[in-house]
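Input: one structure, supplied below.
Read from first to last, the chains carry the letters A, B, C and D; within each, the first residue is number 1.
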Amino acid sequence: MFKKTLNTEDTLKNSGLTDEEQQLFSNARPQAYEPYPIKAVEDFANWARANSLWILAFGTGCGAIELRPLMTARFDANRFGVAGRPTPRQSSVFVIGGYASVKTLKRIIRSYEQMQGPKFVIALGICPVNGGMYFDSYNTVNQFDQYLPVDLYITGCMPRPEVLVAGIMELQKKIKAGECNGANLYVENFDWYKSNQKKVIKNWDMPDYNW
Amino acid sequence: MVATTDTIDIFLQPLGIYILALGVGFLIPLVYRVNRNSAILVFFTALLIMIVIAGLNLLAIINGASVMDIETAGIKPPFSINLRFGLFEGACVLAVNTVALLGAWHYLPRLKQHAAALLLYLILVMGINGMVMTRDLFNLFIFIEITSIATYALIGMERTAKGLAAGFKYIMATSIASAFYLLGTIFIYYQTGTLNIDDIIANQQLIIGPIGFIATLFILTGLLIELKPYPANGWGLDVYETAPGGIASLISVGVSAGVFFALYKVLPIMDLYLTSIAFIGGFTFLISNFIGLKQENTKRLLGYSSIGQMGLLTLVIALLVQLDASAHIPLIIGGLFINHLFAKAGLFWLAAIVDRKNIKDWSSIAKHPSLLILLCILLTALVGLPPFPGFWAKWELVMLLASEQLFGWITLILIGSLLEAVYLFRWFSYARNVESSESVEKPAEVSVSFLQQIPIFITGLLLFAIAYVMSRFMNVDNQLIYFPLMAGFAIWLIDRLNVRVKSLIMLLAVSIGGYFLTKDLEGINKLFSYLLIGGGILVSFATLYRHDDRKGFYPLLSVLLLSLATLLRAQTSLEFFFAWELMALSSYLLVMLGRNKQNCDPGIRLGNDQKNDQKYNQINAIKPALIYLLFSLASAYFILVGFAVSYSATGNYFLFSLGDSGTSTTLAFSLLAIGFIIKIGGFGLHIWLPEVYAEADDDFTAILSSVVSKAGIFGLIIIAAHLGVRADIGLNPAYVLGWIGILTATFGALMAVFQEDIKRLVAYSSMGQLGYIVTGVALMSHLGWVSAMYMTVNHFLFKGILFLSVAGVILRTNERFMYKMGGLIKNMPVTFTFTMIAIIAMSGVPPLSGYGGKWMFFNALMDKGWYWIAALAFFSSAVAFLYMFRLLQTVFLGQRKLEHRKLREAPVILLIPQGILIAIIFVISAYPKILIDVISTAIDPWISNTLVWKGTAMQAHYGYWDAPLIMAIIAGAWIAPLILLLLFAKTMKVQKVEQFNIVYAAERPRRPEETHFAYNFYAHYDRAIGFVVRPRATAFWNAVIEWTHSFAASLRIFYNGNGQTYALFIIMYFVGLFLVNGGLAL
Amino acid sequence: MIVEGLGGWLSKVGNFSLTLLIVTTYGLLMGAFIERIIAKVQGRIGIPYRQPFINILKNFFKRTAISHGVMFYLGPVFRIAGGIGTLAFVPVIYGDEMFSNFSMAGDLFLVIYFMFFGQLGMALGAGESGHPYSAIGIARGLSQMTAYEIPFALAVISIVIQYDTLSITQIVAAQQGGWQNWTVVTNWVATLAAMLAFLGMMGYSPFDIFLAPQEIPIGPPTEFHSAYLGLMQLNRALFGATKLVLFMNLFFGGATGWVELMIKTFLIYMVAIVIGVAFPRFRVDQGIRFFFKIPTLIGIMSIIYVQMVLTS
Amino acid sequence: MKDMLQRLQRDFNISDITERQLRLTTFHVKKQSAETLLRELRDREGYTHLNFMTCIDYIEDDIFTLVYMLHNYDKKNTLGIHVNISRDDEAMISIHTLWAQAWTYQRELREMYGIRFPGSPRVDEDFCLEGWDQIPPMRREFDTKKFSEERFGHRAGRQSEQPRKHMKVELYPNRGGDEK
């Protein structure tokens, strides 16, 4: 699936930036992390991660409206350790709320890269899968997983919060099983992802990896 | 042979002066025709011989010869005219003749063009000599006329329309005055039948009734008019303005001296008018100095100063005669007179050779060090700063007046002196003002030959010499008080050496000198000697970081530091005051050496117009320096009066007897406290402080704040010790002092919060922190004083570090506005660390040294029951966090500017003193007992020790404090989580990122300037409570200045330049005097 | 001798570690409990009790992190050192040598001043991250702190006058012997002023603008994550609980056992919570002005009250 | 209203006056007199509020029709001013001098239709699309489907149904999608 289309030098070029700006951004490549050497520790860690899912409060599309009821009395995702977090540095789950326009995609990438691993992506709705009703739009991406690794899809247009809750529980299961390693996948196929991203984002004026 | 000696002896009698003047005078036109140069030679020889005659005779009198009465025409008085040559006459004649000689030298280029000019000059000098020496009323009239005519003729030599008009007004006015005088003489003669002054004095009971009244009034008016009293003096000012410098100086000092002496002679028959004379003198002194404020014409300004000084002399002589204190005449009148004579003459000559009409154009001498130094010396002398004669005279005068309880006059004299200092030093400020390159009208450089400066230089030397002689009479430790000046002079001699060499020599000299000066001190003085001298040298070491030449900096710095040492050593209030004034003067000059990037109007408007400053980037130390001097002088005058009050009660100058002031204690304490609080920058009187700290050189600001400000604290503790504890004054002044202190702390902190300029921020912070110390001193308890001293030491430590690190930051970034910096921690980690530690020490957060001070302070406040002050102290120390964080955040943290990415760490020379101070902070923090024991020992003689130690813990009535244990616990609490974090960091991949790698709401930062939150950092705080810190004090003082200037302007309405009006004023002046003295009742 | 002394200190450190553990755990549990109560009010179930622990664990189990520099790294360390130190200087259980911690090192004044330690260090750490929101949050937080410091200082002065001591242990001792001896009864004016200051101190609504979760993403800690955040969360529980213990000691008679401590601190905490859920947020200048008005007035009255009524 | 329209007809030669709804009237005006007309309406007639401005692409007639929607608060009615501009010379006078907020609309129209508004502030900056490198997407000659497939790709396995037909099948599987 992943074809290397960019060079794999150790440093990024940050070529979208001017010379002056290049010294203001880090140009280090992201690195993959190994599981803890002790299996029990890794399992325990995964259990903790699964039970403390902090969702980045970034409504990226129409599906963002489905995230709000999660915290209400009816759905109460707090029960599962889900909480909203306004800064990507502290979040562990990124819910792509439906369609992702090119302009938003740029911000999604930036925010995703600023999250600290392990981090998980839930793609909500049909649009991230194949464009959905926006399949022929001039500014909506059709296959979201070309640009960021997705750990879980919740399809539908629009999936109701119940489905979202079910999806979150599904994600927890996957995390506990140690199957969610999207962050590493992204790092390992970094060049492929980058070339895809740059193919659609034409004014790339941010660093190649947003630390 | 014997006959020759006799002849010489006879010739060298005072009468020789006249013979010489007349003889040579009429010889000169002859010689002039033959050879011009010989005429000049003859002229100078004559003047020189006059000096020799006066000098030899004066020496004889000082050595015990009797007063010489010279009879003329071989008949005894009263039937013939006689002259007297006593001590006063001799001194006066010698001084006048010296000035005349120097003036002739100065004025030679013009004088030598006419034989008549040489002749007139000699006649004029002779006339003055005559006025001084004659004892005959009518003869006196003749000499006055001779002088007037000669003066008029000399003025007329300048053939300008204005000059001629002025000359005409002069002759008109003096004629009217002479007419008055002559009428008076006639009436006196009518009543007493004699013209001899001694006879008249002996028979003054004959001068009675309306005729006697009118007679004396006429004589008085005639003489007073010649002294140019306000408002009948417009003609005199015109003369000063238009007459050439050589002549103006002679009129100002010579003629006035003669007339003044004449007045002195006839004073014994003026008993009736003494009060009037005093008022006239005082009024003239005050008003002239007021008007001087508005003056920009150099010579007219000097004229006002002259008239003012003569007014002061008139006032003082009348008071002295009234008080029957003629024993003080030599020191007070002599001192004031000589001071005025030489300084004013020198200034007139300087004004003449520089030849800049408007004082604003004097910046053309800014590059002439010799002229600047001369100007500075003469102005300093004229204002009465040490070591010049005026200083001693002023001291004596104030002490005398205080002991007679004449505080009204003291106030008048000091206000007048302050006003005079304002316009004189404003002039100096203009002269010091280096023009910027953009300035449109750049005044041409003056070219002055060395020869031209010699007369002025000689007057300067004479002033020093006379001052030294005077100080011999003042019962002070000469070697002690002159030591700083000597050292400064010595350093000045090597000022041309390499900056490194001379600075090291200076440091060495000050160390040795300071050591010997302070080695046998004890108690509080010893403690302060560590701070002021040791600390001063340590902080001064940092001045080495600059590579530029810094002419004048090191001599002045050595004077400053050593005057601090003499301040500590002072045994008497006079020595203390001398050292205090010397300190003020040297620090003023040092401030003035500060940055001068652009010229600005050094008018004395106050205030930090930050918006404007930013806009024009005006950085200029001249205006703040002037304000600094004024506040220093005001502070010194308060201290002077305070000492005087104490002296009036105790009768001696010793500091240790301050406590015996009895009922005057409260007044003395209050006055002295106000004086010191001005120096510390207390609430309401602080406005000078931020500007001075901001504009002085960065390294000198460190010295100012960490060292020099402690002198004020020292003074406060000294007076609190002597006056507060021993005399057990009531609680009230101390309580007020406590409030002033805490308000200073609160408002200093609040003001600091809203500053954009880093130096202003630190300056306000310094002021605020000193506020706690003032309150600590005001507590008058052992714990209070220990806390005050502890905080003093701490203030020295953290302010030294802060100002030096700020100096480093400014050096590297070349910026002062904090929002233009940011992120410097990456470039200057050491400076950041030092600053951070200093700030923690300042804030009072445990475990560093600030906590101890705050803890003791709070406990002492609670002990005393000053709860409201304690609450405010809490609040202000919380507010302090705001500006402390702002300093660190906006300068060192946040976003670094692109142009700052390549900056280097501050120079090592700046870091070394900071490092030493940091080490001391840590030692004191971990084990404060070593410091507190020293402090406690110093304080114990004054207040009984109340400290309780339990192991390492200190116990107070309320609380307890175990510094080493706290240090250990906090270290443990800090290290444990650090280890935890390091352990977990091992399990992560930690990436070091750059400054723009921040969460920015999914966008990216564009420019560091936009991303750095720094400008108007506490806008919300300003919105909430900013209204309490609107610069009210500044507005108030500006209003005072504005009002004073308008008042001064309104006083000038009498001077319309019209001769008729002036004549009318003179007549009306007489009528006024007549009415005021009860003429109608007769 | 030395060994004996060392042993004494070691046991003290051990005792303190135990206190630290209990207080931190209690603080975390109480946080969860409060969350659950709020959830119940809103008709939800709310987080499980273990949730705060899991959150902290998760943060420590993060595998990547970034660092903006040394000060950024040290910020959380300063923060939690402030929490631990503050607890160390507060005696937790009255009459129990084991849980009086290191209160012999300093008095109430030390505790109040040491509270700033963590804030200052944290502020510097956040500052180095270079994020403008951090600086804004800190500027707001510090300003608000100066404001609530006034009524708090007045209240503290009032009770110091009342009990004639700065020692927390003695202040607690003076309140023993029944609820009628508690400061809240004997000096209710000071308690009122202090509890108003307490609202600001706890950072709940209406005084939570410096955290402002939406506008300036959670304020100062915007850039902190993984283990840094873990430390800060630990501190939040620990420091919050310590503040509660301090208030309990000063105004509510202290505690002679852990159960009493938990009940009292919980009730004190509920004051902030109830007011927090009931009132909307103040803007920062409004908050500052609020503290300068009525709470300050009450504080002033408390001193007058002590002087006029209690000590006359 | 009628008077006003008549006057406008006389002064500005407006045409196609249509009363679309009770309080909505539209008419056409020539491109060169449009700005003067708008100014007249704003200053004299009380149409002080610019509701919006937009554009319709009549590719068949080779014109763009710009629509300015103005509202009068006193009369509570709305005017739609239609201005036809040629697709060959797709430029229009900027009206940001009349309504400051118009620059936003004009920037959008510039991006989406490529209509030029000389002098309008920031008109050439990106508005919604960042780094757009094709012909303006709202022009009807732009084939979005083709563009989308080229740039965003097409996920294999996607199949599009006609909704009505598909739902019939879904709802009534037994009857083969027949409602009856």
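What we mean here is this: a contact is a pair of C-beta atoms (placed from the backbone, for glycine too) under 8 Å apart; a residue touches a chain by one contact, two chains touch by 3 or more.
Quantities reported herein were computed from a predicted structural model and do not represent experimental measurements.
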Closest chain to the centre of mass proxy, which here is the mean CA position: B
Result of counting contacting C-beta pairs for A-B and A-C, higher pair: A-C
Whole-Å gap between the CA centroids of subunit A and subunit C: 37
Whole-Å gap between the CA centroids of subunit A and subunit B: 72
Interchain centroid distance [CA atoms averaged], subunit C/subunit D, Å: 59
Where subunit B and subunit D are represented by their mean Cα positions, the distance between them in whole Å: 79
Junction residues of subunit B, two or more chains touched: 987-989, 991-993, 995-997, 999
Interface hub residues of subunit A, defined as touching at least two other chains: 31, 33, 87, 89, 211
Of all residues in subunit C, the ones touching two or more other chains: 62-66, 217, 222-223, 226
Each pair of chains that touches, named by its two labels: A-B, A-C, A-D, B-C
For the subunit C and subunit B complex, residues of the former touching the latter: 13, 60, 62-71, 73-74, 76-78, 80-81, 84-85, 88-89, 102, 104-110, 113-114, 116-117, 119-120, 123-124, 127-132, 135-136, 138-140, 142-143, 145-147, 149-150, 153-154, 157, 160-161, 164-167, 217, 222-223, 226-228, 230-231, 283-286, 288-289, 292, 299, 303, 307
Contacting residues of subunit A [partner subunit D, same complex]: 102-103, 106, 129-131, 135-143, 146, 199-204
Footprint of subunit C on subunit B - complex, ascending: 823, 825-826, 829, 832, 836, 840, 843-846, 851, 854-855, 858-859, 862, 867-868, 870-871, 874-875, 878-879, 881-882, 884-886, 888-889, 892-895, 953, 956-962, 965-966, 969-970, 972-974, 976-978, 980-981, 984-985, 987-993, 995-1001, 1011-1014, 1017-1018, 1020-1021, 1023-1025
Residue numbers on subunit C that touch subunit A, as the complex places them: 35, 39, 42-48, 50-51, 54-55, 57-59, 61-66, 213-214, 217-218, 221-226, 229
Residues of subunit B touching subunit A in the complex: 898, 901, 987-989, 991-997, 999, 1002-1005, 1008
